[in-house]
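Naming follows writing order (A, B, C and D), and every chain is counted from residue 1.
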């Protein structure tokens, strides 16, 4: 089994106070292993985004621990913390609000390297150009502002921004759910390619099970802040053990009229439910 | 729900304490010797010393602050240096007149601002909207006191339609019972008394309401506009609901919430603008009280008035919030916590 | 650019991510902000007066420019000494000699209005600048401070705001004694809490945007986040608020002066001129009328300009 | 009425925004929909598919004339009467009673300050039905749409409902006056997949039981497969192709449609086969490129 990069143990998160508290995560434990693409699926409110936000420190967990390379992040030194921040990067869902509208693309892409430190001007320039070409953007895009780009292009810029500091782990929070179908395919392919080429470990959060199937090697299914099922994609999709997973899978529409009609007929006759 | 009401009450109490503290700090800002000022311009050194002692100014600042708070809680805001009357009773005597003026101004404001705002929003971008907005901008820029003077001059002096000062004509004054002249007239006078009281109130109230009409109408307009652009309005249109019902039933109902909040805050602001209007029309009220206190350098009376107006403001805001909590399902549901 | 970016307001955007309401800060920051483009004076002038700007906005900016010019040149343009009494020419009606008449001690009303412009307009601008500066600094400090300190600062602002600003300024100015400085101090003290509260709100909203979070993830310090991202992206909304404040400040200042807590006589102040004229309004209406018109004109001009700045900053309301 | 003749006939419909109303300026009128034609027969379920900016939603809104500032050209013929240029009163008669509409986001489509009962019963109330009858009817329709405890729910406010329940309430309000055509504008985009399934089933169920024609607007071809009988594809405001649902999925004619089909990740596909994009198809077929 591959080395475990990130270990999440008994992670819990509550929002709000007293009577109005809301348990977003309830003792979630899992490992993110070197080189895998781990999918986190669940409906809205299942806590999948909260996990990612705890991982990057945007949210503080109520209890539980997160370890990176065997070291608990709650107790590491400042330099190890810096290293974690550099090694673990994130792509956001909304390509329209995740880029500072007042910065040029060059400024946006240079910023993570400036904050992380240790990159010469030459290095910064080269890294940006390399990655830019990999995602299919041009050098003269660098002096433009985000508003000049379409959603798909912006998401590519976000990907470059996440990759410039050379991370080992990429966390993706629904990176394609705000994109059009045709653009979505391009970005999915791009993430797939980058993962192979740069040997990235990816945690991919999504609500779309088909997208997860296309991209991921392993999958975790979340329901109301708990893990209900976990396993290799082929196994979970082929033979789901949990009833909730089965419901989710059955509800995904398939672009084939014959199949869909048959499924609906089965549903309507089998259940005069609700 | 109960939790939120208590929380809101706590906040109001906190604000009251804050206002009192600010007023206390202000009272210590007065340049030079407070006792000297309080004792009057021609006081002897002994008299000043005496005043210093009665005011407790020789005590440490913390003790003074504590005394001030304790006194304030007991309704003692000191004595006016000019009238030698208790500040609280002085203001208490004239507060009803101010409230009456403000309520009257408020009525005028709401009666004009809501229809104007609605009309403007419904005609967004068309001629009618532009015309209303221009009128509002012009009218919103007019200083209240100047408008008061001009109204008094034109309608009082030149045209003679309205009386130019005071709350009642000499022979029309009802006995002072509640302090609300209109109410007193209703209680004890005949119809001409009532008319007389209202007549005296009208010009000041119109002058007072001018800038508030503009603010409120603009607020109604923007609330209405965002309501009218919302999905639920489009949905209502798609259900075949006629325009009148769309505007009143759907648009205004949902725009009303934040309009109420603004109107509530305006009540407090109006009380402060009443200072200017009452000065012009020489109406007895907190405003005139404050004006005379300023003119006579009666600092404690000024600060007492500040405190009372702050108090009125906080209480109005409290009432508005509680009303809103009980009528708006959006707020109510959040309180109850139903997802 | 995609087609949906050009839809007029009110039309739905079909993009799945654009549903729901667009927040205030988001509108100001991610939209093509014309305030952000067009650098330098030339760019500014093009923005304010260019063919794409609405006529009414151009008029507003023109008026403000003229007013500011008058404020700067007022004392030079004044035909008479504004403070020199001339008992021979008391209460003269407007005419060829004294265009706007004279007051009860024979001072030229026009000259006094012109010199008053300098005082009123410049102090109004100064007051708003100071109040905004203090407000922004306090709000930024609160945003950087630990949560309890942030809460305390905001509660203090609430307390200040529980006293209507006119009354607060009146009390303060009265306590400080009649002078222009005390009016400015009192007004700044009365206005900054609202600005701080608003700025804090804008900052809070900006701070939750994904671009700030992404900078946070790389480990950018909070101070740098504020300076690099949050404040620059909140500036538009702050400018808009400030430009809307000037108009109210002019009116409020004149109100204070009217009540006698402004600059002491014989200083030419619009508010005190009105107060002075109100006693003989029936015989010499011009003494009160013209300063009032000056206040109204300034307030309206600055008010319209504030509106115009807002519509420039917020493309979704770009319609007149 | 003959089941074969179309009840809605849209021909050469264009929607444009006049130059002076364009945000951010720009030259000339902005054409959002450019000469689109299709027909719907009574009881038929037609899907209008396209990506953002394809003009599919504008088309739907143009049928009901919901937007004041756009210029409509062409013809929208409903049950023998021309709707473009019809009197507002006539349009109001049709809206809600003959044609009604479902919206994308059930969270914003309901007025938060009005009760559910009021909003569901409204299409009847504004047509002079007594309050008692209208509310009884509202309760019935909610019941039909499987909203539990329908009668008690009439007094509730939208804030107390979940997303899926709200979409049922919206549907109830749309169906309460027994219209002949339901326009559903991305009614499931904002919903989770299991709720989406329920809503789709409900739409189909109602359509069958009431002989209700449905115009289903979506960007997601997969949701269309089991629901629609016929599909119209739009791209950049233009009509791309129309086919019956089986043919569209088995032999799409236009390269854009093929690209759209190939670019959707499928649950029943081999993940190792690379997704093809619309651009791949358009480039191969010399079609216009995408921005």
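The working rule: contacts are C-beta pairs under 8 Å (C-beta built on N, C-alpha and C of every residue); 3 or more make two chains touch, one makes a residue touch a chain.
Computed from a predicted model, the values in this text were never measured in an experiment.
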Worksheet item: Whose C-alpha centre lies nearest the centre of all protein C-alpha atoms?
Response: C
Worksheet entry | Between A-D and B-C, the pair with more C-beta contacts | B-C
Item to complete: Would you mind pulling out the distance in Å between where the CA atoms of subunit C average out and where those of subunit D do?
Response: 47
Fill in: Averaged-CA centre spacing for the pair subunit C and subunit B, given as whole angstrom
23
Item to complete: Mind checking the centre-to-centre distance between subunit A and subunit D? Centres are C-alpha means, answer in whole Å.
Response: 32
Response to the item:
Distance between the CA centroids of subunit B and subunit D (whole Å) is 51
Fill in: subunit C: positions in contact with at least two other chains
2, 9-10, 12, 15-16, 32, 319
Fill in: Residues of subunit A touching at least two other chains
150
Discussion item. Can you list every residue of subunit D that touches 2 or more other chains, as numbers and ranges?
Written reply: 52, 61, 105, 108, 219, 291
Discussion item. Show me the residue ranges of subunit B that touch subunit D in the complex, using the header's touch definition.
Written reply: 230-242, 245, 249-250, 253-254, 257, 328-330, 333-334, 338-339
Fill in: subunit D-touching residues of subunit A, taken from the complex the two chains share
43-44, 150, 180-182, 184-186, 188-189, 207-211, 213-215, 233, 237, 247-261, 263-264, 267-268, 274
Fill in: Complex contacts: residues of subunit D adjacent to subunit B
61, 64, 66, 92-97, 100-101, 103, 105, 108-114, 122-123, 126-127, 157, 159-160, 162, 170, 173-174, 177
Fill in: Residues of subunit B that touch subunit C when the two form their complex
11, 14-19, 21-23, 26-27, 29-31, 124-125, 130, 137-138, 140-147, 149-150, 152-153, 157-158, 211, 229, 231, 234, 268-269, 271-273, 275-276, 279-280, 290-291, 293-295, 297, 299, 302-303, 305-306, 309-310, 313-314, 317
Worksheet item: For the complex, which residues does subunit D have touching subunit A?
Response: 51-52, 146, 148, 192-194, 196-198, 200-201, 204-205, 219-227, 245-246, 249, 259-269, 271, 274-279, 290-291
